[in-house]
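Shown next, in structure tokens, is the structure this report addresses.
Chain nomenclature is as follows: A, B, C, D, E and F, assigned in order of appearance, with residue numbering initiated at 1 for each chain independently.
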Amino acid sequence: MKYISEFRDGDLARQMAEALAREVQPERRYNFMEFCGGHTHAISRYGIAELLPPQVRMIHGPGCPVCVLPIGRVDQAIALALERGVMLCTYGDVMRVPASQSLSLMKAKARGADVRMVYSAADALKLAQDNPLREVVFLAIGFETTTPPTALVIREAARAQVKNFSVLANHVLTPAAVTHILNSPEVAQWGTVPLDGFVGPAHVSIVIGSAPYVPFAVGYRKPVVIAGFEPLDVMQAIRMLVAQVNEGRAEVENEFTRAVTPEGNRAAQAVVAEVFEHRESFEWRGLGVVPDSALRIRPAYAAFDAELKFDLTYTPVPDHKQCECGAILRGVKRPTDCKLFGTVCTPENPMGSCMVSSEGACAAHYSYGRFRDIPMVVETVAS
Amino acid sequence: MSIKKDYIRPLDFKNGRVDMNHGAGGRASAQLISELFARAFDNEFLRQGDDGARMPALPTGHELVMATDGHVISPLFFPGGDIGSLAVHGTVNDVAMMGATPLYLSASFILEEGFALADLQRIVHSMAAAARAAGVPVVTGDTKVVEQGKGDGVFISTTGVGAVPAGRRLSGSLAQVGDVILVSGTMGEHGVAVLSKRESLEFETAIESDSAALHTLVAALLAAVPEGAVRTLRDPTRGGLATTLNEIARQSSVGMMLEESAIPILPQVDAACELLGLDPLYMANEGKLIAVVDAAHAEAALAALQAHERGKAAARIGVVTEDPHRFVQMNTAFGGRRVVDWLSGEPLPRIC
Amino acid sequence: MCLALPARIVALSDADHAVVDLGGVRKSINIALTPGVAVDDYVIVHVGHAIGQIDAEEAARTLALFAQLSAVPAEGALG
Amino acid sequence: MSIKKDYIRPLDFKNGRVDMNHGAGGRASAQLISELFARAFDNEFLRQGDDGARMPALPTGHELVMATDGHVISPLFFPGGDIGSLAVHGTVNDVAMMGATPLYLSASFILEEGFALADLQRIVHSMAAAARAAGVPVVTGDTKVVEQGKGDGVFISTTGVGAVPAGRRLSGSLAQVGDVILVSGTMGEHGVAVLSKRESLEFETAIESDSAALHTLVAALLAAVPEGAVRTLRDPTRGGLATTLNEIARQSSVGMMLEESAIPILPQVDAACELLGLDPLYMANEGKLIAVVDAAHAEAALAALQAHERGKAAARIGVVTEDPHRFVQMNTAFGGRRVVDWLSGEPLPRIC
Amino acid sequence: MKYISEFRDGDLARQMAEALAREVQPERRYNFMEFCGGHTHAISRYGIAELLPPQVRMIHGPGCPVCVLPIGRVDQAIALALERGVMLCTYGDVMRVPASQSLSLMKAKARGADVRMVYSAADALKLAQDNPLREVVFLAIGFETTTPPTALVIREAARAQVKNFSVLANHVLTPAAVTHILNSPEVAQWGTVPLDGFVGPAHVSIVIGSAPYVPFAVGYRKPVVIAGFEPLDVMQAIRMLVAQVNEGRAEVENEFTRAVTPEGNRAAQAVVAEVFEHRESFEWRGLGVVPDSALRIRPAYAAFDAELKFDLTYTPVPDHKQCECGAILRGVKRPTDCKLFGTVCTPENPMGSCMVSSEGACAAHYSYGRFRDIPMVVETVAS
Amino acid sequence: MCLALPARIVALSDADHAVVDLGGVRKSINIALTPGVAVDDYVIVHVGHAIGQIDAEEAARTLALFAQLSAVPAEGALG
């Protein structure tokens, strides 16, 4: 697989690990946040943590769109499906996000809701066209990467005058979340979350470009390296961050030059701008209400806005009392700090959203990294 | 009135459909059985025509083995097979994994009203061909029809009976620390072949399901090593290699350490999984086995697998370890280490 | 975030659709967000849409950088 | 981290429902099996925990018998039983009708997404109780989950294995002209009990399904007459007495002549059938048998049936006749004669 | 079962058969038509034919509402279900009536049509109330017996203002059919169907009374005996007809006095009159277009008339070329006169409607009487 | 035509509904077409509706007539 396999090479990885071990200053501690769940997933799945020197600590950020979807939003979707009889379409990852009353879209489906997993927003529109007597709602989630396809499908629905299709939009904005974290008391005042730099999002940046991260480097003096999601990309980005820290620089660097430019994908930005406008504020699971951090459908496309069409009101719902997702998404805690981790909360029965997607910090650690929590003895006994 | 043939109007296998009458137990049911099932599966036992079948005693010195599986796959037809051949292979293999020789199959069909007789015929013929190829006859069966919207075309539950030498013990509970873990070939083809035909996922690939009967492969393996050297045989079906290994680890209260680079996976399977955000270790196989083998005989076992047509790509993928947590772990090809957990939930395509 | 993969365009179906190949697997995708892509270009596919393109030269440069850095193990810290 | 229990959160059998995860083959599937099926059916064979079960060899001098049935009944719960107990009795009886001792059962469950775990638990417990009462353990099983709208709560396919003395031959093909036709009791209760709970038909009646295992009754019958005197045993299930007799007549190429007044039918069954425009001869039974017996031993056979708890109302209802047309006919209680034909179509309530 | 069992007594039957054998005049032939399928069914099921002296021949009449429902009407119902997506409810017997293109409602159901079997018209209305988003159509068939319940449910739907319920009414009228037969050339001119009297309908007469049959006795000089459907009722009615013939009388006699009065059920007649009016003509399978022989829903209840609601037009469709149902329903032929009987046409695969309901002449003969077509040898061999 | 059966009214449920008994089987039916029926009356039930009533005296008379006729086998033809 060209442009994939080369970036997973084990020999290169070992050499890079050795280089990194030499490059870190022994007395120094490097605390980097990988904003994206994609990086979290790569770190866990490929066992990158094993290859990092002890001086480097990776902090998982809030960059998983499934994880930050608040309960109240899932509740809206479930109510549409269970009470209003709509055919609710969404991406597979969203099906198991816990909502109120021990429900999830998957459990609502088992209670008779018509919930369909789609691979693409276009599939949802097609379902609407194939079922003209049904109301079809696409529950859209995602960061800037996923917004352009949603915008396209809304424009397409408008062109084709599909009357029974609408979108419950939950598209959120990366820079707002980074700002929020940098301004959080743990980072800005108390320093309980020491943050020496960011591994920046690869696929978000394909769309928005690298330029939007310059303010963090300039204004907050934090190094940012935009990195691909293959494991060698991640290791290389860490090396680049280590170099910036060692040299006292704070710049936006781009490891993912093969797909990210400073200005991003103009065509994608244009269709998003045509269909969406900023929301004043939006609730993120874990981060709370973040100003100017999400998109809403423009009045010109109001007919396709499920919130207007079904006159939905948003009721915020607090997370499970003992769930530490919020603190974990802000980098304040680790999954194993949560009392429910691995006992009450598992991927089969997630109590919080971080345990749902394999990009969630809890799920990634549970599925791939749990062995690290216990001393492990490998004995080979000839029998 | 002269004596009339039983069914003057034969079933319309071109345009006909299953209707409720075919399951009511009356003449329409009898016609479906005689014109389709009895003809396709024909063998001396089924020909007895009773509500059960009588077969000879097991060979002396053998014990009885029994296994069952319900088959509910969607789509019904997929590259490399269909629900009919799968229903034979799935159960023949479960019998074989006990170290037994599969002898007989029963088949219970649950048809949905409206199912095309042409599709049913194709499935039954494929099933009959698979049973014949495996040398395991379908000796008795049953057919029910459920209303439209209460089934999904056809479900097939098969049960297999086999004979195992009385002294032989194979079980998921017998894996021992230090044992070697083998697989008989590349992982994940069946799961990917089926997903490639799922509505709304559709993609093109040359991958075919590996669906196949494995009892001759098992016989070759067991003949190559002393009795007792093979601790466990299991076919990594639903849940794939990862989940099946976790099952064995739990049953035997051991851990496992795998080498990712040693696990044989076709490049196209890898690619399809990348595309869908899935992991080939969780993709179902229907013609592969896992063998946990005494390390002292692992080489002989591997050679025996590789010498068989169905085991050419067999490989040694890891070892059994002591671990009270019963973790299945893996050294990644990248150089790290990770847990290889049970499948959790359904393998849904992932966007994140 | 957001699963996305580089795949080669093997055929343009219509103005908005193309078939891509990833390691022998082919799938129809939407290319409305990457106007101007051509056969043999590598695009980045996310939820059935091409959202960007791979710059082959940059990719080669990145790989060369990896190799170079790791090939000079004795030289110590970067930069 | 200390070693965690396998499932910290037990299944919610009060409010929980089956979801797709329970069928995906991962940890949720394993939990359902261990917390429900394994516990309810517990026996030494199932406890092996493998994909199949191993049992001792058959008793010497015995041959193997195998029978299977899919159970798709609606409603799932009915007076006198449920789909769980029925799935045991239906298959135990098919094995018994071969003159065999039923030994082991397998069970394949096809669950519909959304099915209440409370109902599933009730059904599995009922099934386990029936299996225990019959002395026939469920030794292996399988569970699949299908999406809502692609199943109907639960389907259960069971397969039974039994042992029959090598010299014994019982078959629907062995009825001979002059043989006597016996039934072991009153006809039609199961069918009527089920219909009484069908939505939109609902009526109140004290009738309960006769669902019961008949192998001890068969054993008593076979012990009472010389080997070979009983030609055919069959349980008149779907299609009822009428259809089952037609099957035997066709298999043996004979006719039959019944005496309507001799056929035991409970007054309430008669009444319910009148109400619905149905014929009790076509109503299913799940705890009755038909025996075709050498006339010379018919009396002894009848006495043996009547001496058994499940055969108290046994009766001699007709004789086997020579008839190239293989008609089953009946002298009506009214004094006329008529054909008793196969069931045609489904037994739908009739207005005309 | 009181009022049932007593009328099935075998001992009485034998005595009555002996009496009848004495009562017929040996040289005479008695050809009686039982108008009703109910009588046809009783004659076959109880083996009454065995008990009649050879001089008496029973001719099966058109009194089976399933049998006379023409193909075009079933086609309308199938089209509503398959093409218009309605939930089509009907009585169980109707499900297997053959329609065009080898379809039937049961086969249409197997092709995806939503066809529901109901026990009562009220169940269809309930389905409409339970499924407010679906159009529910009740395919109503039947003679005067079955019309009042349909009338009641239409009135009830109007009262409850159920908007998604309508009725495709095929209620037909008995006296019109009798008149049609008496006027048919076979009976009136050619005499190929010798008709010496009628066994009149029991349950129809509960509703309409015995009076409507007087014209046949008076005008056509045909004896009529209204008889219950139990086998002793039938035998007694035959005796009464034999007596009328022997005595040269032609009267309407009532064997079924326990439930039939001259004037019938006034309450039932009233609700029928409120909801229904006469159609000018209606096609009967077998009889062709019969004037003034059916009912239609009155304009006041037009909202519940599926023919109006769905703007249905009626296209007559000829029966299967070789099917003799028409001649059989007119008494001109017997089932065994049809080449298809028992070979191509069986209850599993009925080619004509007479093979559908067990009240149909072909089905009754196939299911109960076939042995009579062949010489039968019963040998008891001791083995 | 038209399957219909005599059954005894065992309870009146409301103005339009009653429960009938037939040989121990009970079913709720509509009695709107037979105003004035009372408990213990026998009604004729068709498609879930009482469409008429059994006149007990007439029934007895009919049965008596059967019995009488058959009891006089030697008397020859009727009337």
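In this text, a contact is a pair of C-beta atoms (placed from the backbone, for glycine too) under 8 Å apart; a residue touches a chain by one contact, two chains touch by 3 or more.
Keep in mind it's a predicted model, so treat the numbers as computed, not measured.
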{"item": "Chains contacting each of subunit E and subunit F, listed by label", "value": "D"}
{"item": "Fraction-based call for subunit D against subunit B, same above half, different below", "value": "same"}
{"item": "Selected pair, greater C-beta contact count between A-D and D-E", "value": "D-E"}
{"item": "Far-end chain from subunit B, centres as C-alpha averages", "value": "F"}
{"item": "Inter-centroid spacing, subunit D versus subunit C (mean Cα positions, whole Å)", "value": "62"}
{"item": "Rounded Å distance between subunit B and subunit C, as computed from the means of their C-alpha atoms", "value": "38"}
{"item": "Gap in Å, rounded to a whole number, between the CA centres of subunit D and subunit B", "value": "28"}
{"item": "For subunit D, residues contacting two or more additional chains", "value": "1, 20-21, 26-28, 267, 270-271, 274, 325, 344-345, 350-352"}
{"item": "Multi-partner residues of subunit A (at least 2 other chains)", "value": "1, 4, 37-38, 64-65, 91, 106, 119, 123, 142, 146, 346, 348, 359, 370, 374"}
{"item": "Junction residues of subunit C, two or more chains touched", "value": "1-3, 5, 22-23, 46-47"}
{"item": "Residues on subunit B engaged by subunit A in the complex (per definition of touch)", "value": "176-179, 200-201, 255, 257, 261, 267, 270-271, 274, 294-296, 319, 321-323, 325, 327, 329, 331-339, 341, 344-345, 348-352"}
{"item": "Touching residues (chain side subunit B, partner subunit C) in the complex", "value": "202-206, 267-268, 270-272, 274-275, 277, 350-352"}
{"item": "Contacting residues of subunit E [partner subunit D, same complex]", "value": "1, 4, 8-10, 13-14, 17, 37-38, 44-51, 64-66, 91-93, 95-96, 106, 117-119, 123, 142, 146, 231, 346-348, 357-359, 366-371, 374, 376-383"}
{"item": "Touch list for subunit B against partner subunit E, complex", "value": "1, 4, 8-9, 17-21, 26-28, 31, 113-114, 147-148"}
{"item": "Touching residues (chain side subunit E, partner subunit F) in the complex", "value": "1-4, 6-7, 12, 15-16, 18-19, 22-23, 36-38, 63-65, 91, 119-123, 142-143, 145-146, 148-149, 152, 201-204, 206-207, 229, 232, 236, 239-240, 242-243, 246-247, 255, 257-260, 265, 267-268, 271, 359"}
